[in-house]
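The structure appears right after this line, and notes come after that.
All chains are identified by letter, namely A, B, C and D, in their written order; residue positions are counted from 1 within each chain.
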Amino acid sequence: MIYILFSILLGGAILTFLANKISGLLRDTFFLLTMLGATLIFYTQLHIGGLVNFSIGSFNLEWGVNSFSWYFSLIVLGLGTLAAFYALSYMKGKENLGFFYFSFLISILSMLGIVMSHDLISFFIFWEMMTWSSYFMVIYSGKNVQKNGINYILFSAFGAYAMLTAIALVYANIHSLSIVEMISNYGQFSPALQTWIPILFLMAFSVKAAMMPLHVWAPGAYSDSPMAYTSVFSGALSKMGIYGMILIFVTMISHLPDDTWFREVFAWLGAITAIMGTLWAIAQDDARKLLAYSSVAQLGYIITGVAIGTDLAMLSALFLAALHALFKGTLFMAVGAVERQTGTVKFSEVTGLIRKMPWTFIASLLAIIALAGIPPLGGFVGKWMLYESLINSNHYILVIAIFFASTSAFLYCYKFLFGFFLGQEEKEWAHVKEAPALMVVPMLLMAGFLVILGTFPGILLKPADTAMQTLGFAPTEGHLWSMSVLFNAWGDQVLLRPLVYAIAGIFLFFLIILTVKGWKNTRYVTTKDISSSGEVPLEHENLTFSVNFYQPFLRAVGPVMKHRMITWYREFGAGMETIFDFTRRIYTGNGQTYAIYVMVFLVIILLLQNTIFG
Amino acid sequence: MHEIIQITWGAIVSFILAFTVGITYMGLNRKITARIQNRIGPPWYQNFIDVIKLGSKQTSIHHGVMQHMGPAFIMVTSVMSLLIIPILNQNRFFPNLNFHGDLVFLLYIMVFGPLGMALGAGQTGNPNSAIGVTRGLSQMAGFEIPWVMALVALMIQYKTTSIVDLMNIQVETGKWLMFSSPFAFLAALLAMLGMFRYAPFDIVGAPQELASGPMSENGGKYLFVMMSAGSVFAFAKLTLYVDLFMGGANNLIILVVKTFSLYLFPMLYGIVSPRYRTEQSVRYFWGWPSLFGLLAILHAMFF
Amino acid sequence: MEKTKLSIISQIKNHFNDAREKNYPYNRVDFSVRKEIVPQVLLYLKDVMGFKHLSHISCVDWLEDNEFELVFIVWSPADKIKVFVHTRLDREHPVMDNLDMIWRHAHTYEREMREMFGIQFTGLDAPEEFLLEDWQGPPPMRRDFDTETYAAETYWERPGREDAQDVRETIEKRTGEVLPDFAKNYKR
Amino acid sequence: MINDKNSQKIVDIIRNYARKHSLWILAYGTGCGAIEIPPTMTSRYDAERLGVRGAATPRQADVLLITGYLTTKTLKRVIRVYEQMQDPKYVIGFGSCTINGGMYWDSYNTIKALDRYLPVDVYINGCMPRPESVLAGFAKLQELIQAGKADGAKKYKENLEWYRENQKKVIPTWRMPEYNW
């Protein structure tokens, strides 16, 4: 069945690409059919535990599905299908659509391939396919294509080399490329290898997961690819890094004798990523950049959860990973909708869309509530489990760091909603209409799922728990996971339903009171009718406050934000350039000089003859 | 079914209690402020009159659905905190929705309302509202740090994230947490200054600069609900402090005495203070209060 | 200071032959010039003699001479001396050169004068009204504008009470003594 | 029960009591009168003991306090502010400038009688009225509210056309949202 799944995706991709030449409708049909067919086959036909293997040359390739990879495929295919519907409408009228859909399907294929490969060689191949297909998306459109594309491909290449080195080291030692064998033989490696192999792998994975020193590519790449793909890019593709990280942490690092410092370092890197990502997100004026930095920050929480590695922490990381795909997918789609309808993504340019694009607003509102982790939506469940696990595993300062990041996240959450949808309604945007249904419905579906998850997190927690059992975690209180019951770190029950009902009840009660009281004498007035010292703002005067939004806050955190990682990299690059420039001067172009080089070399060899060879 | 009725009934009764006490506190605040400024001041029940008057305003306007819902959002925070925070020791007053881990829940539900109201304030299109909201959110990022540090210190010292557990520990040992973890109490107390938003931290409402900030477009019934919610929330916060640090209360009179003595702190601090700028306020909370919080965590880890 | 003032006077008179000066006590010097050379005089004062600051532009309505008088007050922070530059405009067609290229804030004074006296500044780039919103009458600061009649026509006046009494008479009647007439000694 | 006459009476008594004792003023500080407000509100005369308290915006205010002369330019803003206030609302004209123009009786841009343009409930005489008379004015307004006679807003609504005519006479370019509540 895996063959069929992969061949459907590959064939569909090629057919879509070819059909583009014939007709747009055919292309769209192929594209949708491929996505739907893949999803259908995945849900109905794929059996957990099935393995297929075949040989190419001397390499034995092995693909299979277990609960763990099933969980991640769920994220990929769920988000991918919705994004595919969204893309149909979003990409309408753009150029090179065949290429776009081709890369889209290939990246879905490669992500599925990554989670389903059981050997390192196909893992690496799929990994590279994913990198390249997403690279095509980054350079597909956008303004700073060169800079962002190069940033992305450089960091990805760095990660890929690290991974390749690790794979080579593994092969040199065990003469096998099977992941299972690598894990089972891990104990027999020399201590140095035991440390370095996971580090090299983690380097590759943390590039994709945009962890702190290696995150530089993320804001540019996320904001420059088309929004229909960015939702997949940030929602699902970055989760591949998390997938690898979990694998490495569970199978390798937990066997290290001194894994504590490893975990501490990564947990802290995650926390710092979260804090810095949040702070930089607050400073952005471009909605895509804001969400990109926010993705970096959210992945920071997940990395922290993975690195801590207790049952609850891992569960929260898995839960947050799926949740992040949901809400960040929704938000990127919302930005895409706004971009399509207004032509801009700057908060300082567009205001007051709430009455023009109400459904987009509702979807983004729900996604933002989930992102901020405010009950009663799903985000709270993930955050809550993360805190509980951190407190229970004695990471106290880490809790504060994570909490600081999550409190500061409210700032950019509000900025996002306010910047686009609230504020004064302007004449300039009076013509704006709601995005087409094909774009709105996927957003609303995901937002609705977030609401359901707030009451019934068991829907996701059950598969996550099963996935963790595959990784060798003891079934925690997990076997008790029922739909709306959580367990805190001490094993006590938390009933979610009464909380949600209470919130909804109180809200509705007071809303009804507010609405019914003086119903006849309550009036809607326009946003121009505000109490600005009796002055009536003119049609073209926009009083919305949207420039330098959080200036006082940024002034307060100013010292922290003075240093940027990208500056460091640039300086590093400049330094390397100087060195290379110096090295280049060896080649003077003069034959006489080269003769001298040879002479000097020989003399040195002769002089050091005894030292080196003797 | 029986439980639901009991909890609803409890919510109503504790809401009325919190409303009465909270509004009285606000009135007493005005009275005491007046006396300190050598005035006679309004009667202690002045805020009741104000609330009734706001409720009896005949017309009201709104700028859209979000502003219309804003007060309902903030009411959710107030009433939910009342439902989570036990009013008296051993739930003698009324059963609540306590669960193990409710401290974290409380931290998040406390921002539900303000954020909802901030959306409403944003929809008015009044620049003052938006500026007030950004100030409020910035300040929240400030005071939440010492406040969370204090709570985390309690959590790790007693290995629980439940308010009821912390109360029971105080009842069993007979020792208030403000004495057994003094640094946590200090940090939380200083964070309370920001939570109550009295001077010098009244940068959100700042009537002189921002024309009452997020509330500047709300009048009539909207302001009525907001004022009630504010009073209820003030009482809920004070009760939480009493529960966490001052051993809870065995009956309502003790509760009122304890909460009022706590309430005197931000009030008296505020009367004699000017106003901070936003970044000063944020930095204030990241200074000494956070240091106390850090000390509290160290104290909890090693003693 | 007196020396500096004298040197200023001689310098200006050297450059602008028809400038008439008047030396006031303390730190004030006045010049009267033709309206055509006002920008040159002011530029000279600003750039060469260090009168960097334009303190004020004001206008006097000489109804009897059928002229407006514009007064430019400039101030030298180094010498602590202020120079008043007077010029006269025709009252029927009051047109003056725009000075906001020399001092940006002259703009404000010019707008005020345009509104209050109806003086046109050539090239003044400010279409909107400045102080008087919706003003439709004649420029109100001109001396031939009868503000009392205008106010009586435009704004409804409260008729006053039926039993209103003259203050002087009432007090005299009540107290029985004759009040001194202050107004008699006051000469207008 | 609610439509019952007696209970409506009780509700009215409570309402009027609350309205009387909670006057949130929007001090529209025109002219010299604004300087009389601080002593009225602060320690010396302490208007807060009567329930008088400053409001920050017209949406929250009950009383519009116009403290002095009104130029036509300011009148425009005052009308706007008044219409933004929410019922029930009252207007206090403060100082002789609002009554008959005061010392600005012959000014070319100052209105002479405020009640032609806005429904004034209470006038406070004086140039300027001392804080005692301001307090007396508040007391008078409270008396009127208690008796249910402070119905300026109702009058304004009923005679809107007349008021508009007067307003538009002195404000030629009328560029305001319509009064519709």
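Structural remarks
Simple rule for what comes next: contacts are C-beta pairs under 8 Å (C-beta built on N, C-alpha and C of every residue); 3 or more make two chains touch, one makes a residue touch a chain.
Everything numeric here is computed off the predicted structure, so don't read it as measured data.
Relative to the centroid of every protein C-alpha atom shown, the closest chain centre, again from C-alpha atoms, is found for B. Set side by side, the interfaces A-B and B-D show unequal numbers of C-beta pairs in contact, with more at A-B. Between chain A and chain C the centroid-to-centroid distance comes to 69 Å (mean Cα coordinates, whole Å). Averaging C-alpha coordinates per chain places the centre of chain B 35 Å away from that of chain D. Once the centre of each chain is set as its mean CA position, chain B and chain C turn out to be 60 Å apart. Residue positions of chain A touching 2 or more other chains, listed in rising order: 521, 523, 525-526, 528-529, 531. For chain D, the set of residues touching two or more other chains reads 57, 59, 76, 87, 181. Within chain B, contacts with two or more other chains are made by residues 57-61, 211, 216-217, 220. Under the touch rule stated earlier, the contacting chain pairs are A-B, A-D, B-D, C-D. Here chain B touches chain A in the complex through residues 7, 11, 57-66, 68-69, 71-73, 75-76, 79-80, 83, 97, 99-101, 104-105, 107-109, 111-112, 115, 118-119, 122-127, 130-131, 133-135, 137-138, 140-142, 144-145, 148-149, 152-153, 155-156, 159-162, 211, 216-217, 220-222, 225, 277-279, 282-283, 286, 293, 297, 300-301, going by the rule given at the top.
Contact residues on chain A toward chain D in their complex (touch as defined above): 521, 523, 525-526, 528-529, 531, 533-536. Listing the residues of chain D that touch chain A in their complex gives 57-59, 76-78, 80-81, 84, 87, 175-177, 180-181.
Note for the complex: chain A touches chain B at residues 352, 354-355, 365, 372-375, 380, 383-384, 387-388, 391, 394, 396-397, 399-400, 403-404, 407-408, 410-411, 413-414, 417-418, 422-425, 486, 488-490, 492-495, 498-499, 502-503, 506-507, 510-511, 513-515, 517-518, 521-532, 543-546, 549-550, 552-553, 555-557. On the side of chain B, the complex with chain D involves touching residues 30, 34, 37-43, 46, 49-50, 52-53, 56-61, 207, 211-212, 215-220, 223.
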